[in-house]
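The following blocks contain the structures, represented as structure tokens.
There are two complexes below, and they share chain A, which is joined by chain B in the first and by chain C in the second.
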Partner chain A sequence: MNSATLTRNPALQLIQAQWLNLVRTPDYTLPTLLFPLMFYGFFGLLMIRSQALWLLCTFATFGVMGAALFSFGVSIATERAQGWLMLLRASPAPVAAVIAGKAFGALLFSLVTVVAMSAMAAAFGGVRLETSQWLGLAGVLVAGALPFCLMGLALGLWIKPNAAPAVLNMIYLPLGFLSGLWIPAMQFPPLLQAVAAWLPPYHLAALALDVTGAKSADWGLSLLNLGIFTLVFAALTAIGWKRLDGTAG
Partner chain B sequence: MNPPVAELEGVSHRYADLQALSDIDLRLEAGRVTALLGPNGAGKSTLIHLLLGLKPLQTGSIRLFGEHAPDARECRTRIGIMLQASGVQANLTVLELMQLFASFYPDPEDFDTLVDEAGLHGLEDRRFGTLSGGQQQRALFALAAVGRPDWLILDEPTTGLDPAARRRLWQAIQARRDAGASILLCTHFMDEAQRLADQVVVLERGRVLHRDTPDAIRRLVPQDRIRVRTRLERRQLEALPSVQQVERIEGRWALLSANGVDTVRALLAADDEAADLEVTGTDLETAFLSLTDSESPSTKEAA
Partner chain C sequence: MKNLWIVLGVVAALMAVLLLLPGPDSAPPTDSAPPSDESPPGRFAVTNVRLFDGDRVLDNAVVVIDEGRVVAAGRTTTTPIPDGAAVIDGRGRTALPGLIDSHVHSFGSAQADALRFGVTTLLDMFRPPDDFEAQHEARSSLAPTDRADLFSAGYLATVEGGHGTQYGIDVPLPAGPDDARAWVDARLEEGSDWIKIVIEGGRAWNGEMPTLDAETVAALVEAAHARNVLAVAHVATRAEADLAVEAGVDGLVHLFIDEPVDPATATDWAERGLFVIPTLPVLAGALGQQGPSRLDGFEAVETRLSSEQRRSLGAVFPNVAQRQARWSGVAASIPTLHAAGVPLLAGSDAPNPGTAHGISLIDAVIRLHQAGLAPIDALRAATSVPAGIFPIDDGVGRRGCLRPGCRADVLLVDGNPLADPAALLAIERVWKNGAPVALAAAARPPADPAPAAESAASVDLLASPTGWMPSADDFMGGSSEAAVAPMDTALRVTGTLRPGFAFPYAGAMWNAGTTMMEPVDRRGWSMLTLDVRGEAELLRVMFFSGGNPQPVWRDFEPGAPIEIDLSTLAGLDLAAFQAVGVFAAQPDGAFEFVIEEARIE
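The block that comes next holds the complex of A and B.
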């Protein structure tokens, strides 16, 4: 492909638009990126230094989940309200290209979060891993952002635009806590431990812990959980997208 | 002969508690400018959303370009749209937005031509959010035109613009019309319809009230306005032939007459010193207001 065909590709153009939008709104982008890093700094590096590797895996999961939920959920809800989404729907832009633009933003945030947090862990937490383990951690978590992208997208299509940040936080923070991302689930009382074992972020963190050698995981079970969760939110997204037809969105 | 850009037959649309459109039959010929006029809530937006396939069709049928359903992708690449709330990403520049929208269409317009036509010289590298209202509307027009569409759908393109900005946008619309594009222009400005349209469709409470040329719509209400300084009293003026209404405005009398010539002849016979005489025909705005006004009681059950 030459550069002319590249600039004529709607998905790449929408990805570029998303990129430009992110770099031109640093007052949104920087706090969103720094929030999970700050959390990891306080908990993983200052308070419980002995668990720097364990907490790297769980807080990176927490960061990736937030990047996916918020870059999809809040922006879709806002663009729905402002009419941008309607303009794109009425244009010949393929739906897949519209979603690709959004997914790019979420995956970029995820990757930056994982890389920056890994660098913090190596520099200040004494975490030492093989190259393949570092790559495995980044790979698992960036791929693992997908179900949370769909969750954000589905929520963005269903909730009211001005309520979106509040509603997402009401889901994001409890989900992170109950999945054992802040405090390991094995320190929970039995009832909460049973709850955690059902939650998708728990299973994504389990895979991250496995690839870094912190704790081995049941890959079949965790992938099944994440897969079902992905399908449910894909269905909710499809229904929500259809539902736009009947509303002002 | 190109097939009509849109043919609607028996189109009705109902929201939970509101009949938005009732049994609309409409044919929009290729190469023509159709103005869709109507007060707020008349059903203009619903009609546009149905034409664009943004809402599912409930009753009736819509065919675009002679063969397609509204949500067909073949149609989308032939249509350019300017919607009321565009929510365009304020952080992108005019040029970046044009590149983005150009990538959606198979055979986009040359950017220099487009910048010329929409009057965007010197604004290409400005972010959309920093443009004035008129500049934003012209940029949105450029996005609608960038795919060289056969059909432009413009929803209230000049609302909120000052007169100079409106004229700039009209020029851009006229340039597209002259190049052969069909245009559907939703507006509540009568002068806009009069200036640009070949056909006017007056929509009220979800029904097509009238469909005709701008001149014919204007002639539906044969009223003349007469302004004059005279020594005659109000009751004498009211007694003149064909007079329907008498008002005192800024030291002159303002009369509304069904036949201006008759009225003026009798007026001058009664007062040969009458001065500052001025007679004007009905503009489309007056015609439109009196049409939608007089018919509304009989169509009330539609709401």
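The block that comes next holds the complex of A and C.
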């Protein structure tokens, strides 16, 4: 592969554009990365020291979810407002590559979050895992970011651009809390426990807890929940995308 | 396109960090590591569980176990789960302290049989003290074990020919009131944990037998109290109970059966601080009531019964039909005693006919509830109540409780025994000293009958005289000895019978399986023919089966061929036949006999 072919490949160009976008907007990038790490530091390492492994799994899920939601939701909403999406659709650039570029950015963010948080847990929380478990945790969460990318995409296509950050926070923070990502769901009152068991982040965290051996999970159930969630937002994305044609705004 | 390379470099760097993150400090132990091998051995938490801590109930609780003890138990919201603890989801289940059976007689596989049914502590009310040192060591340890812990009265106090002397165990007898102190001290020296006194004139069973007089009972109680140990009494009638209470005993190990307890008596007992172990399972059996097989959940656990448990459950007391009417009075006494405040303790008296270790203690709890106790009181009777009365806190970890510091004897059952104690039969897991207990009974001999050709034909036990081995109590610490010498078609047995062991024996034994005492299915066998010549006055043929250390035996005189119909031997388990032996029974001293014929068909 040489740079000549790369320059001609529009998908790679757009992916690269995303990377540049991230690197050149540190005022967006750094807070998104640091926010979950800071939370984990406060809750997992300073306050509830004995639960470092458990909280690593749940706060990493929280971080991954945030990276996916915000990198998609906010940017898509903004680009929609700027008419950039309309321009892209009119241009010969493959639209799929735009999405792929954003997805790549979100996955990269997820990986950075998980690795940084794992390093914190190992260095300050005394968490010790087999290499396969460290890799498994990162793998599960990076792959698990994809459904939330779709969620961010769908929301970005539907909500008003000005309201995007606020609305996303209104979804992100309660969803994280109710899914037991801050406080383990089993310490909830029974009613909230019942709610948690239906939420996708709860199931992603369950898979993370399983690969690290903190608590065994029902993989079939959790994957089913995440799958249905993915399908719902894929449908919302498809409808939202069509909607761009006429009533974009 | 250097940006692409930067991206790839960043990803590679992140992967490298992941690969360099630290692993578990020490290499995993070489012994069989559990699947979740990052948790320290023995550290686990049961979450989302209904917790009965021996006294109270919490509906959504966590129990944390570490190194053989409970380290935390409480509400889910306030009980953190320590790092690296394996988590067991207890949703829909109830965690209880390991149960305490306050009246058993432990022989053979009793301690393992009880443990498989969640009974982790046995209070034995009569057995020889031969192995007390080992028992004391085992019960004060937190090491994983497949046996329930045992506390015992050791030998009981009775009289020549009285109750307790009929089992072939050589019981030392107190000579009278003046001997009481010496007798009690001898028991404590042997390692008895309390003193049991038999007051049984046989009248409750329409018979008569000699029993201790009131002065000796009182002297024994006084001697026990002088040594700061409990004195408990076996009684069967109201009059015997009155005698015991008057003598100052601390508790009754049976409820009497000749009349119900009246409220005035119950109040008197409560004021005296008397406790009662009603032993409803054995009384139910003796009064013609059905055993655990009547319970709904019985079939599900039936496969977990050992052959000894099956044997004792299947046995019946003689003449039970004529006593059936008395059961209602026994059951009616339970609410009267409870209302007056007399502590009731669950006890089975296994392995008496109709009862079995483990499952009959569960039945005792169920029967206490059926007689009128609230489920939680019935459960306390098998946990915190006996733990508060009997000296079973060895300082290592309290029993009958699930609170921090308690021994990690834990029972996890499906459902809610606090609504219906019958849920105790739905045992899912048992931990002893924090280690999981295998719930399946030891591998049973193959269920298929032996090939018909073999079982129908007659087996000449002398066909290979080398199949016989000498057998004497020197093996068990006694001083008798035996030797065998094969002759052409016979076997010469010589030896010396000496007193010293509780149960002196010396003779020769033939193993049915290929290895010593191996159980084999011999359900086709029906008749043993023996012809033994010799000098002994009395010989004894003993059959070992079903893993039961107590043989079934028949005495006979040498000199003429005898036939023994195997179907008449109660307690012989032909499906797990182990061995048959011919032994000198009388007199003590040197003996010699020749087995000329030994055939089974």
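Operating definition for what follows: the second predicted complex is superposed on the first by the 247 of 249 C-alpha atoms of A that agree within 3 Å, B and C clash if a C-alpha of one lies under 4 Å from a C-alpha of the other, contacts with A are read in each partner's own complex, and residues count from 1 in each chain.
In this section, a residue touches a chain if its C-beta (ideal position, glycine included) is under 8 Å from a C-beta of that chain, and two chains touch if they have at least 3 such contacts.
If you're wondering where the values come from, they're calculated on a predicted model, not measured in any experiment.
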Does the chain A-based superposition show chain B and chain C clashing or fitting?
-> fit
In the superposed arrangement, does A:W134 touch chain B (first), chain C (second), both or neither?
-> second
Is A:Q51 contacted by the first partner chain B, the second partner chain C, both or neither?
-> second
Is A:W84 contacted by the first partner chain B, the second partner chain C, both or neither?
-> first
Comparing chain B and chain C in the superposed model, the one touching more of chain A is C
Answer with first, second, both or neither: which of chain B and chain C does A:N21 touch in the superposed model?
-> first
First, second, both or neither for A:V112, with chain B first and chain C second | second
Go through the superposed model and pick first if A:S216 touches only chain B, second if only chain C, both, or neither.
-> second
Based on the superposed arrangement, let me know which partner A:P92 touches: chain B (first), chain C (second), both, or neither?
-> first
For the superposed model, what is the least distance in angstrom between any CA atom of chain B and any CA atom of chain C?
-> 11
Pick out the shared contact residues on chain A: the ones touching chain B in one complex and chain C in the other.
-> 7, 12, 16, 20
Hey, which residues of chain B end up touching chain A in the complex?
-> 52-56, 73, 76-77, 79, 81, 83-89, 91-92, 96, 99-105, 127, 147
What residues on chain A touch chain C, complex-wise?
-> 3, 6-7, 12, 16, 19-20, 48, 50-54, 108, 111-112, 115, 118-119, 122, 126-131, 133-135, 138, 186-190, 213-216
Residues of chain C touching chain A in their complex?
-> 1, 3-4, 6-7, 10-11, 14, 17-19, 21-25, 36, 38-39, 47-48, 60, 62, 76-77, 80-84, 86-87, 89
Interface with chain B, chain A side, in the complex: residues 7-10, 12-14, 16-17, 20-21, 24-25, 79, 81-87, 89-93, 245-246
